[in-house]
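In what follows, a single structure is set out as structure tokens and then discussed.
In this document, chain identifiers A, B, C, D and E correspond to the written order of the chains, with residue numbering beginning at 1 in each.
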Amino acid sequence: MDSNLLEVRRLKKYYPITGGLFGRTIGHVKAVDDVSFSIQKGETFGLVGESGSGKSTTGRTILRLLEKTEGEVRFQGIDVHALNRQELRALRPRMQYIFQDPYSSLNPRVRIGEALGEALLDHGLLPQTQVRERVLEVMALCGLAPYHVDRYPHEFSGGQRQRIGIARAIMMNPDFIVADEPVSALDVSIQAQIINLFAELQEQRKLTYLFISHDLSVVEHLCTRIGVMYLGSLMELAPRDELFLEPLHPYTKALLSSVPLPIPKKKRERIVLQGDMPSPANPPAGCKFHTRCPYVKDICRQEVPAFREVSTDRFVACHLV
Amino acid sequence: MNALVEIQNLSTYFKSEQGVVKAVDALELRVHEGETVCIVGESGCGKSAAAMSLMRLIPEAVGSIVSGEIWFAGRDLRKVSKEEMRKLRGNELAMIFQEPMSSLNPVLTIGEQIMEPIMEHQGLSKKAAQARAIELIELVGIPRAKEIAKSYPYELSGGMLQRIMIAIAISCNPRLLIADEPTTALDVTIQAQILDLLRKIKDEAQTAILFITHDLGVVAEMADHVVVMYAGKVVEVSPVVELFEEPKHPYTQGLLRSKPVLNQRRAKLYSIPGQVPNPTTLGESCYFHDRCDQCLDICRVKQPPLRDGGDGRKVACWLYEEESVRGQ
Amino acid sequence: MTSYFLKRVFYMALTLFGASILIFFLYALTPGDFVDTSPKLTAERKLELKAMYGLDKPVVERYFIWMKNAFQGDFGYSLQYQQPVMSLLNDYIWNSFLLAITSTFFTWLIAISIGVLSAARQHSWFDALVTIGVFAAMSLPVFFVGLLFIKLFAVDAKLFPAGGMMTIGSKEAGFAYAWDVVQHMFLPVTVLTLLSVGTLTRYFRTNMLEVIQQDFVRTARAKGLKEKVVLHKHALRNALLPAITLLGFELPALFGGAIITEKIFNWPGVGQLYMQAFSVRDYPLLMGFTMFLAILTVIGNLSADLLYRVADPRVRLK
Amino acid sequence: SSEGSAPATSTQTATPSTEASAPAASKVQDIKDGINLATDLSKLPEAAAKRTDTFIAGLTEPGGVFNPFFYHNGYDGNVSSAIFESLVDVDATGKPVPKLAEKWDVSPDQLTYTFHLRPNLKFSDGSPLTAEDVAFTLTILHDKMYDGETDIFVASIKGGREYKEGKANTIEGIKVIDPQTIQITTEKVNAKSLVLLGGQVLSKAYYGKEYKPGNLEYLRTLHGKPLGAGPYKFEAYIPGQEVRYLANEHYFAGKPQVEHFIYKTTEGDALQFIQTGEMDYNSFTVNSDNIEQLQELGYVNINLYTSSAYSYIKFNHSKPFFKDKRVRQAFIYGLDRQKILDLTYQGYAQVANVPISPVSWAYTEDVNPYAYNPEKAKQLLDEAGWKPGADGIREKDGQKLVVHYYTTKGKLGEVLIPIAKENYKELGIQFEAEMMDYNAVLARTEKGDHDLASFSTTMLIDPDDGVDAFSTKKGKSGFTGTNGYSNAKVDELLEAGLSTLDIGKRKAIYKDLYKELSDDPPYIFLGYRKILSAHNGKIKGLEPNPFTGISTSLPGIKFE
Amino acid sequence: MASTVSEVAEVTRPEQVALRSSLWHEAFLRLKKKRLAMVGLVFLLVMAVVCFIGPFFSPYASGKINTAMINKPPSFSHWLGTDSLGRDILTRLMQAGRISLTVGIASMVLSVSIGALLGALAGFYRGWVDQVIMRVADVLMTIPGLPLLFIMGAVLSEWKIPTDYRIYIVMVMLSLIGWPGLARMVRSQMLTLRESEFMQAAEVLGLRDRRKLFFHLLPNLTPLLIVVATLNVGGAILSESVLSYFGLGVVPPTPTWGNMMDAANTLIDFQKRPWLWVPPGIAIFATVISINLLGDGLRDALDPKQKR
């Protein structure tokens, strides 16, 4: 599909594990293990899954904040992992990242105005004289007041800092933004403001998002297509409505049923998964979910289910579907 | 009926370089035996401070309880001696914290950490305590208890650690269990497990639970009663069903409306404008007035009292006051 | 063994090699050599002697000769003392070691106790006093403190001997001898301890302050544990762990740093030997001594690292 | 410290001064040269009062090489001198006197020496000491592997060179006549030969068992367990702490009365040990402070005598501006030496004008005293063509008169530098000073980096020791080196001074020599200082000697 | 996170628009509240002013030796007495202060800049740059300081540097010894900072290394550097005194606090003439304490996460 802005093919990212008395490499964390998907221009692709399932690693490897172990990432047809330093630097403005933690992702010793404008200068995208103007413009867009420009990050609230993070990301007019749990650290009352801002900006700027979250309700609200990750692999990938109305993978089902709803005394059919997610350093053989799957069959313990397209644009990796 | 915990007019202030932070301001709270009371509110509204005041664990150097009474099982905890308080802690009053990983000592084994309060409060021998620890680990649903007892915190996952924290908390069969955001750092599937476990404990041991969270979904699932806090003050108290059906305080309403809910997609989320006020510069006004879309004139100059509506619900908002009172 | 260990050993060797080169060439650059110090010799006689000691060879060649012998464990003969460097060091090193170990022990003991106490009572007058005291200890020159102590405690109060390691001419043995030595150690150990306790106390105080703010300390308190247990078992253990790595640096530094103290208190330590060797440019001895310290440092570091890995479960079992 | 007691020189004592102390206005009373008796023995600390069979003296840093011919550390020399005895000793004026040798004959051509040993001499182990032992001692000094500091070739023993070069198996000039007589033939008359040849004696049986020419390695193992014929025998050495001795019952003059003797290692002015009574004898930096303190103690005998050494500032004679003797004279006239000495030693030193101490038989005052006279100095500089420049600094041929002075750390330097700076500035000379360690000063003056550098000589036994550096041949070696001083008349007189053993004749020759040296100065002579030591007043018979320190009187001391 | 709330509200207050805050200005405001630190600062300033200006008002500034006034106790004409050469102690104390403070501060600046730069480079680039720098640091740390100072003292004097510059040699020597410890600390902080989210953010923006290093990383090291720097000043003043003790320091008659104390390095002066050693002793002591107090305060004040 040529409208694909981003294509991820069989992406793998393993971290070496060091340990023992002498710190040698004793294994690998398979943080991302054979993940493929594509994102179309203008859409919001959601990536959900539990902590440690490899969402952030996927996002960072796509932007080459991490070096891949295997696979391919094509952004507008360019193989991101094949670029040299200069080329990569030149590509950076077109794809941006928004971090989960609005506190630690801003340098405490750099003023907001500088933090926002420095990239423009560093890349020579705008002459010095126009930078400030542009910064103010984008700040306004993100709901920040002009007088904020000379302040330091610690003078802002969490919600405002996340706005700054967003402003920084859109400053260079990117085509694509990876948003890594951008609202998880925020208070409920602020979350809504930021989610709305994401939606507004997308509309105005025709942005494409890879939206990472563990909060299914947020993902449902924002995303058009959603991938569900477990232990470094995609379990299911589907357009929003189909996924929420009719989840296919047992993991997706369990995930959906675990979300507490703000409706007291509502009796729901609930699937409480037993145990923890296994260590990605030592994933179970066969289907990775089989250790916790309520419907587990023998085949699940032996064979890795293929990640296959079960209907148009619906993918799932389960022997039972 | 007599409440197990009855807090009246409790205020806890912190000293900060900018001034006094009224972290908890005239708090009223009641927890009955076998009941779960949830405190909800945004970050910094004083939930933890309230819990820590109840445990008398506010570090002396930075803050102190300035007024109020904390009645626990017929005793005013503010008046008992330090040593007595220590003997209550971990014994009759137990607490679980938000971050299980950092709340356990990284250099002591799990078993040792569970044994400590048992040996301290129940005077069990080391051996007996060990056996009890293993029992407890099994009780909170962790297999291979013996091995786990010998391992160190970093070897376990967050969910398991939180269960260990629960095991420590219930080790001496406390009458009140305070859970300060016990699931916030956990995944939904693990959260479901922990919530299940807490419910089980509550049902089996009739333990009263003071549950602190900011997740309304969790509140709906766990609470019998809900206390909504804003900027150190209680703004609404209500049985859980009524609260969700008919929130009274504009802040509660805003909270409920701004949360995206599964399978209830809206085009645009409602959002409460502005943000939480600076706790050091609070004035005489209603703390919520500048974010409130139903703000009255009086809201800007006077704080509303927490009014008992008679139906088991309390709210602190001028909207629910008689016109005559408002007019003053 | 494993690659980590091999790497460490390789770095150790590299460091020692670097240190030996640096020291050797620095010594070579120092004006004057052993023969030059002899006041009575004629010019020809000096040339003869230089040739005899190999001092007339180019530095690089001398270095390699030294290196080759050192590799075979032969650190040569001291020019001045006419004894093998190793046996000479052996004569003095244990005296220094005694001083160093004892004062390290007390330094740590005091630093830990004060650090814990003052952290537990942050902002109290005790804490303030400790802060001032710590800085005070850090701001006095050694020779000054040494003299002050001799005057106060030895000459005026006659509480302790003024110097040396044992009563002159004493032929005591066994316990009586040990007691004699302990009395003589008192002042120098106090001075050494006083001078190094400041930094370490500061370090422990900061560490403890950091640790007692951690969540697990709060948990321990919530469990109703006694404050003593909270501080000593929960907090201190965590504060001590990172300090293990310091220990590796401590001992060699003490050897090097005790030179002045030994001089002032007439302690028959290796510092004296070093000073003497330096003043007559007794290169084999100087090289032997500095390499000894270098080896001590390197080994100290390695063992501290390993110890840390053993002591800290987080690192240990990964 | 050892300064007062060193018969041999330590490398340290050659520094101009290692002392550091501040003088006070003189409150000192009744202190005279020689021994000043204790005033109040009742104040004696208990520790000292109790001790009756042990004499404890302080000594800086002995190193464990206890052999008079092999040590490299002067303090080891002190240790050795109690254990080893020599054939010939020197008296308080530096004249040779009999010791193990009853008498000696010198042939009329002054080339052959015959020593007659006392009868029944024994080493401390009871073995006999004979002429063979003397011959052996002289022989190993000629060995090609000998690396000690005794230069036996000064005596030019016949056949010595051949032996060293391996061309002969024995030294031709050494003849053992009988066990009590040895005859040594030299090739050149030298006034210093007698004392050199009549040095300490090693036991052939003990030290010579394994001796083969070219192999002295084995001796190293014996340095730590010396055997000699001195008043005391070695008992133990505790490195860094003390050396212990026992009285030698075989000593030729009878067993010393005090059974035990200990050299305790101390650092600097170890007054505290005298105060606590742990020590009986120590030497001190001379100044009124120390004297006052010692007098206050009341229970010590204070010994004060003039050192046989002198201190000086040497010119670098290779520097063009010092070629002109008027410039050198100006440097002497222009420096207030009296003030420097007064401030440094508080009246316990006198200005030197000849290169020999007043204690020596060769001393004379019949030379130009060079009293401080800046006007004269300026005039001399003017004459020499050094004219003040715009900045007040004199210049000649475009070169400024800037001199660099090197010294070691110490009181003398601390006083001298500011005064010299002031004095020379007045003359229009820029004086730049630098302090470094002794060895560095030595190395750098040897290279000729300096213009001026200050030193002190070692103890001088023969007057030649104080002047031999001025010979054109001698040139530049060591701390006495002149870097090129050359004066034909001086050379001639030097030669003459050594070529007779007759002290009367020598005296006249040296007088001429000193006159010449005063006119064409090789150094700025600074001063002769006194040496201060003190000992427990209960001890009698201890009379330190400027040339041999306490070792001469060791056999005779006793506790009262 | 507990820190949110307090930082939040003021932002919404428009009356603060005009206040353009600067980190340093704020830091100073915070510092002003720390009493101990202010005591330190004021004392240092007074000390510096007295030392640098004081001698101009002294009748004894030339340091002329006065044989008539040797070792006199404090009196009306000599407030702190005179030394063994009859020089005025107060004047020398002030002149010494110039040198000691300069030595302390200059060698601190030197060693901190060397240490910070090398540590930063090692931590930032890692790889062989790191290897080379850290191995050199290892070697230097292996050799204990005092022996190294002896040798360097002797070696450097060989290089015919005019004696007036001897003091600079001392500073260079001290900083050559001093940098590896700091470099290690800086490096390990760099390794942490490097992985911090805001550095990831800088990477996302595609910023140049130079910008990352000097604009983002180094400023974050200031608290560490300040603490080390203040410790170093005291350390350098003390080291100078130790060097003086061994005769490797500044050449007399130039006074430093160190060599003034050393001049009184005998039991006699100790017992009978306290005016010789008490003033320089107190000067060193008070300066070191002040600097450390100031440093402690500064570190806290410069931490932007600390609330006012």
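Quick notes on this structure:
In this section, a contact is a pair of C-beta atoms (placed from the backbone, for glycine too) under 8 Å apart; a residue touches a chain by one contact, two chains touch by 3 or more.
Everything numeric in this text was worked out from a predicted model, so none of it was measured.
Touch-path distance (fewest steps) from subunit A to subunit D is 2.
Simply put, of A-B and A-E, more C-beta pairs touch at A-B.
Ranked by distance of CA centroids from subunit B, the top chain is D. A straight line joining the Cα centres of subunit B and subunit D is 89 Å long.
Rounded to whole angstrom units, the spacing between the C-alpha centres of subunit D and subunit E is 46. Subunit C and subunit E, compared by their mean Cα positions, are separated by 24 Å. Taking each chain's centre as the average of its CA atoms, subunit A and subunit C sit 53 Å apart.
Across the assembly, subunit D contributes residues 272, 436-437, 439-440, 444 that each touch 2 or more other chains. Those residues of subunit E in touch with two or more other chains are numbered 1, 4-5, 8, 10, 154, 157-158, 262, 265, 267. In subunit C, the positions touching at least two other chains are 30-31, 150, 155, 278, 317.
Of all residues in subunit C, only 30-34, 36-43, 45-46, 49, 52-53, 77, 79-83, 88, 91-92, 95, 150, 154-155, 158, 161-169, 263-264, 266-269, 272-273, 276, 278-281 touch subunit D in the complex they form.
Across the complex, subunit D is touched by residues 63-65, 67, 70-71, 83-85, 153-154, 157-158, 160, 162-163, 166, 246-248, 251-253, 262-269, 272-273, 276 of subunit E.
Considering their complex, residues 20-25, 269, 271-272, 289-290, 293, 339, 342-343, 408-410, 413-415, 417-419, 421-422, 432-437, 439-440, 444, 449 of subunit D touch subunit E.
Contacts from subunit C toward subunit B in the complex involve residues 122-123, 214-216, 218-227, 229, 233-234, 237-238, 241, 312-314, 317.
The touching residues of subunit A, when paired with subunit E in their complex, are 60, 63, 65, 88-93, 96-97, 99, 101, 103-110, 118-119, 122-123, 147-148, 150-158, 160, 165, 168-169, 172.
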